[in-house]
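The following pair of complexes shares a single chain, chain A, combined with chain B in the former and chain C in the latter.
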Partner chain A sequence: MKLRHGIWMGTALVAVAFLLRAVPVVAHHSSAPFYDATKHVEAEGPVTRFLFKNPHSFLYFEAADASGQKVEWQVELGPAASLTRTGWTPETLKPGTVIKASGQPSRAEGSHGMCCARITRPDGTPITAGGRYTEEQQPPK
Partner chain B sequence: MKTRHLAACAVALGLGLTAAGAPRAQAPASPPTPIPDLAGIWDGTTRARPVNSESVPWGKDNFPELNERALAYQKVFDEALSPKYDCQPATPPAIEYDPYSMMVVQWPDRVIFRYEKDDQTRTVWLDGRQATSRDYAIQGFSVGHYEGNALIVDTDHYVFDITGFDDYNGIPSSSLKKIHERYWKEGTELRATVTVEDPMFLKKPASYTTRWLPQRPGYQLSAWDCDPEAARAPVKMMPPKYK
Partner chain C sequence: MTAWLEATALATWVRTSPSIWAYPTILTIHTLGLGIVVGACAIIDLRFLGFAPGIDLPSLLPLFSFIWWSFLVNAATGTLLFIAEATTKSVQLVFYIKLSLIGLALWNTVIARRAVRQNREAPALAITSLLLWSAAITAGRLMAYL
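So, the complex of A and B:
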């Protein structure tokens, strides 16, 4: 019983760690020309639109910028084909859902973009209830 | 003249009949060479290999030697030019390494590669047909044959592609690009060595070897359905190189 409880706890911890990790931007383009990996930005607000597409998905939400003015942020996510493998669906982020995103800011002047973001509810809890499929890294032999 | 012609015909007919009726020496029947079974849905995601990037699969050990023309192209290259931001599909040698699944179907006269990424299909003809000048295409024209336990694929007739070498290094490919691929099974894995030559841009051929794992049972390739808005959306996050 104790062992089963331990296994359950371990599995739950792995699942939480997985859900809280940054959502990757996968393999369509390099992020370096678009986003500054040396900087960090964080914003919180309601989702206005969730574009669950290939080759990238995008999450749009409204939040105040550094000057306190409301702007729409564009968060680049992985392609729908990859997000699907980790349990995301087009319904995962509905308009009006308040989220907190932190990640690398976009480089273009006047833009409000973010990539490689960690997305949670405002209290830090994960957005999705559970991953259906996880991938383990196995480098080529 | 007529008589001589008839006689010649009769001799020829007689010889033919004799040859047809004579018992032939039977060559020992050799068993047909089995072709390697490469069919299935293959997983090229991070389960199988690291994700592609500026240094994967082209790293310090196998990065191609670029000629002056390629270096000049790299200098003026603007990421916003890349046609992938308008849903133009990837081509070899990049598409094989994209971190998605692919399906291999083997028919007697062809092998079909169906890529989940970009909804692309490549047909490799095994029946000896040759490309014509009407066969230039984004995925080129592929012919192949089996060699022992391997499938050999040779592709040419590509159209010029500003990012035809890979998705990351701003190296184009020309209509002289040729791709040589060797596919084989190792245990349950599918492996391939992909070699690219393009004398317009590369000083000599370059190659990488990679692998796929069998996809989980019941897996179906999903439609990519590239969305033009989503494809171009990142570009406005990048400072423009040219005004």
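So, the complex of A and C:
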């Protein structure tokens, strides 16, 4: 009886361990699979769209790339619920508002994605003041 | 159809409300429900595998009502989370994999209930249950990445 239980237990543990090993990304929703924290990008230009939503907000803006070509950047932000705590609303960044964003670039080849970005006015002043938290960083949660 | 779902007032509220009681709370309840469903299943599975032999198998029967009720809670909260992003979630393969795994795991649980009622240890069912629930949770978590 005891031996049979031991065998079943062992099989179960090995199976579960194998499953966990095969899929390393199981715990927290980290930004690391998508964005490279060792790199830094900066761009400036007018907002094209601001999606204020859960579980992640997105900010799109236009800027010139190295060759002078206009590209649209996609900045991944925190959820609506936490942006609100920084004092932001869906109306905070209307299309046309010129912003500066600096953050971590997307790992996707040829894309213009950014996360964990600091977003300011072109002169470096904050977008809004007086939120519950400072708007230093908006990492995706 | 998915675009319509996503545009309903309820879906829009879940997706755009800045309130901590909207999306974050729904997601938290979904996680609590998951804890009860899979936790109760895991207790039964471990007992099937020979752990805690002092527990009389039929005395575990009430756990199944915890499982069914918590599953209902998760079906409801899961529906809310789905409609909020219906257009993107409905084209995610891993979402359908997750639903299939949950379906299989529930079927497994129905069969396990019979074994509990008959006071019969079912170690094979315990293994399939642990594997199916682990895989379902993994697929659910991967929805944020794939």
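Just so it is clear, the second predicted complex is superposed on the first by the 102 of 141 C-alpha atoms of A that agree within 3 Å, B and C clash if a C-alpha of one lies under 4 Å from a C-alpha of the other, contacts with A are read in each partner's own complex, and residues count from 1 in each chain.
Assume a contact is a pair of C-beta atoms (placed from the backbone, for glycine too) under 8 Å apart; a residue touches a chain by one contact, two chains touch by 3 or more.
Just so it is clear, the structure is predicted and the values come from calculations on it, not from any experiment.
In the overlay built on the shared chain, the residue A:E109 is in contact with chain B alone; chain C does not reach it.
Once the two complexes are laid over each other on the shared chain, residue contacts for A:G87 go to neither chain B nor chain C.
By the document's definition of touching, neither partner reaches A:P126: not chain B, not chain C.
By the touch criterion defined above, A:P55 reaches both chain B and chain C.
In the superposition on chain A, A:P33 makes contact with both chain B and chain C. Common to the chain B and chain C interfaces on chain A are residues 26-27, 29, 33-34, 53-55, 81, 84.
In the complex of the two chains, the chain A residues touching chain C come out as 1-2, 4-6, 8-9, 11-12, 15-16, 19-20, 23, 25-27, 29, 33-34, 52-55, 79-81, 83-84, 89-90. Residues of chain C that touch chain A in their complex: 14-20, 22-24, 27, 49-51, 84, 123, 126-127, 130-131, 134-135, 138, 141-142, 144-145. Every residue of chain A that touches chain B in the complex is listed here, in rising order: 26-30, 33-35, 51, 53-58, 74, 76, 81-82, 84-85, 106-109, 111, 113, 115, 135-141. If you check the complex, the residues on chain B that touch chain A are 45-54, 79, 82, 84-85, 87, 98-100, 116-117, 167-168, 209-211, 213, 222, 224-227, 229-231, 233-240.
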